[in-house]
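Chain nomenclature is as follows: A, B, C, D, E and F, assigned in order of appearance, with residue numbering initiated at 1 for each chain independently.
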């Protein structure tokens, strides 16, 4: 056989030496995605008791079931946060024990926010139900709507983000992104009564600020302008600001850190917005009715 | 340690009392998503014998294998439908036995539609194969195309929807939505020879009506106009009507229950359509070529 | 009971006789999707050692761990390729042994490309990191970014596509499509330093050609014009060509095999492009600010 | 092919009509072995907190973790007990609701016995540790000793047996039997400080009575004499009675309901005992040393 | 670090060259134990319909469910039998296709024996129920008794053994051995109404012949005399012959191919029998009551 | 409802305070049985390459596959050994880092013994094949014989025991015990060419010494005399010594640390031996043929 496995492996190992895409080797700090997703699901079960449990929950046991879930979250999240703090193996001034202690503190702070997250999510459920005639009940909203999954994950991850925990909030929102097609950066700021309909293709960037009673349809981007010098802009406000009672129809793209969409504004679908829009406006793309003449494949219908 | 688990749990239990996001507790009627997805997959195996089975199916055993799958579907779907009928625990006039009997009847009706669903899917497979030069065979269409997965799930769920079974059709189409990014409401009416290319980001709303030989590209929305009084519009026609031989290019948004797209119409990509389009038109956004001046991040390329 | 299972099964079996959607029966050549996804993941582990392994990899064992993965890929991929070559049961001149031998040769060729794939992916990681201020490290890019997952899968599948292996490359990219909402056909040609931000809803067609240092945002389609005679166009160039240093903003659709986007061009979001754009241009949709008057549901906000 | 699947299936279905080994068909009361084993394991986790949990249990959460396990046991065991009560489908005077209510009561009684079971098991752990010089700690006894697994399962199942719950106690002890080779009937009565060493091959029959501080070695049978009229003896005392401080060495067989082994008795290994032994005796088989001449295979060593 | 992984691996590879315990390498004929156990369980489900299925089986579907199981068994068992025939890689006159054809024939013969296996098992269930006062129903016998599991597995494996299929019958009986502690060689000949009580530790050798209405208790061996020249005795009758209505109590050992236990004989427990016993005898070890004086550890109780 | 869950939980928590069966709480050192079993299986795969792998191993990859397995064993076993060393949380002079380092050293020593373990196992395979006329090949011995599984596990665990690693060797042999019914203490000393036939019920105690070419049948115990002061005898020789070429038939019990069975001795089945037996003797129980008169259940056959 021509195939020489030793030679092949040599060439791959050479390649490992060539680029720094291998630097996790010899380091014991890989975060465990599966564990983090379990943590996320447990928090979701705490937030909506009875909806995502395998069995009926009887109210006389609610205390124990919540307690057991809190314990699970505290135990596992603390371990992952300690890894994510990440200086474990690098600095001398921050020994492992310090990272663990700091992680414990951060997780305790996070857990104390759960009732407040429920306050916000309650308003979101209302907004979903009121906003969609196809919703038969708030149960259906909580149980079936991908937008509800995404906003729940965001509100959890956002609290972790505010505690400056690296990587983990992003892993959670990317999980929701993979399941729902809705990509909300955990750094975004989103007000109450937020409604995402259908969802797939929505992108909400890191420095976006969104008011209350805002509706966003599928395919809407609240993004940044492109840049070559990405890393120099870190921390800058690069994404738009939306006021209260804003509605943005499907597939519209709003870009830029200085772009402000005023209160009570409605933006039609498929618009490309890179400048601010004043309060109360209704903005829309005009669709000219004209003969459409495509490319060279003339035989189309 | 400052962290007090009892206090935290008290605050969460208080929160449970505050909002009605917990009302499933003490009720034994949670639908089982995993079971419903198994049912969906079994029906798909019946519809396309040999494609999704783990092993080769020999034709002399086809009768038994179909029978065994029918039995699985009947047994499990009946249980879930009985739960979904949902009055089980609430009314006095509809005891559990009645719901089970009704569920049995509904599932029998659903099963009798399987050959008709195959009739429709056969036309869809043809439309996919004819519509995509990249398709090497109808096998590839059935085996690989996410659009085929979505339309199959829709045609199954639509039959359940017509039988007025609550929740379950939606759980099935949301499963397909999560896997494919294609969100077809089970209430929509879709004619034969339907072709969805690529798919991600497609939304087809509850009261949409679609003719035959229609092509829809990725990112197309057939949706409703936004509303604050969603629940008052329940049952109204809120989504557009498409005639036969309509083609809609990528990322176009068509909204409104009174919006009618006539036969033989082609709509270009990225259009935002809220009015009707007459038969045979070709409609397209004009892309003006002009200097693009973005927001404040002047340093872009 | 009215329900007659025998009669139902008869009607389903009749339907099997009616349409050719069943022809995989009696044929033992179903590809195993799960195995192919395992192969894909193993190759990804070889490409980015230490990132996706369950445990820390110590560098003194790297040789063995790579060797074991190469063995896994070779063993399983060869079996699947032999099935996909597909002539196994049809021709007389190509006995099974011949297909297996050919598969072995093809897999050896594929494996020898792994270092070159790493060369390309290294440039992609750089492009992601430089292009996104929200990225905290190249680790985060490799570990979390769905766009990175999609481009990695594409670069693997593209090598298999060039070896004319049927079905398998497509199964791999459809897997990535399902997870990320990014649909890159394995036949596309994509240069180095490619950056996909956010990703969901991106479609890149089979005959697309993309230069170096190109940025593509979510919802962008590089597609073909619609056609009724799909199968007659097989092999024709149907998708656009992009030069170097091209940036395309969110939700823009570029269609047609004759459409060329010149070097250093920037195209704004939500544009619908069916004609070529000269080098260095900045093209954008103008969003007219006008009163938006929707359909019949007047009671919207 | 000679093989005719229809004919084969006919002959099997004929066989189903012939014998009553099929009567579970059309009845929905199959007990779920997997669920019962989960219940058993949960009770074991409650009895020995921290030993069989996947993670460390912190004492401040003990209350919640125990509560959650109690809930699991109550919910699932109740369902299985209601099935096992078994009259569900047969009598008219005992409707389903009655069986469920009765099951609830029985499970509550069982749960209230958990502290008492712990009292007994504590003495068993002491007996194991004191009795085996090879045991390094009581931790090792609880974590590793199959005899401990068997006696724990027995003490749980015995409480269920005393509540006259059919089938379930036996399913639990047969599970322990399969894992350990120790077959203790849940009906047996066994005193405190019981020690089983090694265990495999031990059989303790339904009407056995065992005092305190008893040691039983591997291969010991406490059984009944054989009978042709088994079902007429149901409920009779058919198995022996052992006093306190009895030791029985390996492979000894003690049979008969009238056989009593007095206090402080030691019985050597490989004895066959069908008559009573007075208090304080040491009984042993004498092994005559004589030339051993086997069967016809003269060529043995 | 002193540890040198390369050196270690070299020494292991050297060891591979030294002994022939590695000869399966480079050969693709490893039998799949998991598949064979699935086959065994499917046959058991066919034999006792409704007992081991996850769900209730309704009689109107029995035909399909049996058919589907037959198909599963035929498909998988054929593949494994073809591998086990084993000549695949060795001879030139028996190409792969021949082995597959032969396997197909053998499996068809095996399947045709299923009703006859049921005939025998029906008598065994009766014998178990009649023989054990602790049995509450024949349901309990089928569902819970390890002896029933062992005898069922034996009767299946014995049919495969008679068809001269290598390895597979043994893998099945060793699986039962592992679960029950009962080791019945598939080559043994066992009459109807066979009863194994408790079971653990029973050994029944390859050339044993057992009549009808025989009862065997735990720890009984029907074995061969030891030999140094094992392979020269292959095929010889090395294990005992038991007549009808024989009962053997716990832990008794009966050895030798010339040893015949006559009809209506009862043998007490813990006996060591290497000579024949005449019809109707009752044989037992006498347990002398004498002071037992053990070894040097005088401090025993 | 009478049932009060709070009260129940209180009583269980009280019980936790009462006995020390809970002391593992608040300690993070539970060994992971599943991981240890995986380690055991990996070592077995290294010892018998090709027998227990899922796929065919090609000899040109043997080096990599062995290397990858060595890495797995080293990584996981080291972690478990560090836990088992157990002083982690208790002493001040032995910090965690020290335990890890020590564990690394011990695992390296263990790995270096693998070729020597293969040397011994090769002789065992020969002994099994020569000793059992029912064995068709050494392949069958390695693949199917539970005795082979038990002796392999013992030879692995024995090396770990000699390195004074606590708990782990015992967990491994108890796993084999559960699967095979053969309980060999890892502390026993066993010579080459060891043959266990059938196996179930065999017990070989901690301080047993066994020569070469020894055969042990099912149900044989090589045990200690019973004692009340178990822990005071720790480390004493409590189990028998067997010379070379000893054969012990089924169900025989040999007890005591001073009991020596000389070379070339054969002991018949069902004997109870508490004194030494001189070299070359053949010892057997005499089975007196006498009327057997059982207990009170006179109606036996």
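As a working rule, contacts are C-beta pairs under 8 Å (C-beta built on N, C-alpha and C of every residue); 3 or more make two chains touch, one makes a residue touch a chain.
Worth saying up front: this structure is predicted, and the values here are computed from it rather than measured.
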**Complete:** Of A-B and A-F, the pair with more C-beta contacts is A-B
**Complete:** Expressed in whole Å, how far the mean CA point of chain B lies from that of chain D is 52
**Asked** Per the centroid of Cα atoms for each chain, what is the distance between chain D and chain E, given in Å?
**Response** 24
**Complete:** Note: chain E sits from chain A at a C-alpha centroid distance in Å of 57
**Request:** Scan chain B for residues touching two or more other chains and write them down.
**Result:** 5, 9, 56, 58, 61, 63-64, 66-67, 70-71, 181, 200-201, 219, 224, 226-229, 233, 236, 238, 247, 251, 255, 266, 268, 270-271, 274, 284-285, 300-301
**Message:** Tell me the shape of the graph of touching chains, choosing from line, ring, star, complete and other.
**Reply:** other
**Asked** What are the touching chain pairs in this one?
**Response** A-B, A-C, A-D, A-F, B-C, B-D, B-E, C-E, C-F, D-E, D-F, E-F
**Item:** Touch list for chain A against partner chain F, complex
**Value:** 5, 9, 60-61, 64
**Prompt:** In the complex formed with chain C, which residues of chain A make contact?
**Reply:** 1-3, 5, 8-9, 11-16, 18-28, 30-31, 166-167, 170-171, 174, 177-178, 181, 183, 185, 187, 200-201, 203, 205-206, 219, 221, 223-224, 226-236, 238, 245, 247, 251-253, 255, 264, 266, 268, 270-274, 277, 281-286, 293-297, 299-301
**Complete:** Per the touch rule, the chain E residues reaching chain D in their complex are 46-51, 53, 56-59, 62-63, 66-67, 70-71, 104, 108, 111-112, 114-115, 118-119, 121-122, 125, 129-136, 138-140, 142-146, 179-181, 198-201, 215, 217-219, 224-229, 233, 236, 238, 247, 249-251, 255-259, 266, 268-271, 274-275, 284-285, 287-292, 300-301
**Asked** What residues on chain D touch chain A, complex-wise?
**Response** 55-56, 58, 61, 63-68, 70-71, 75-76
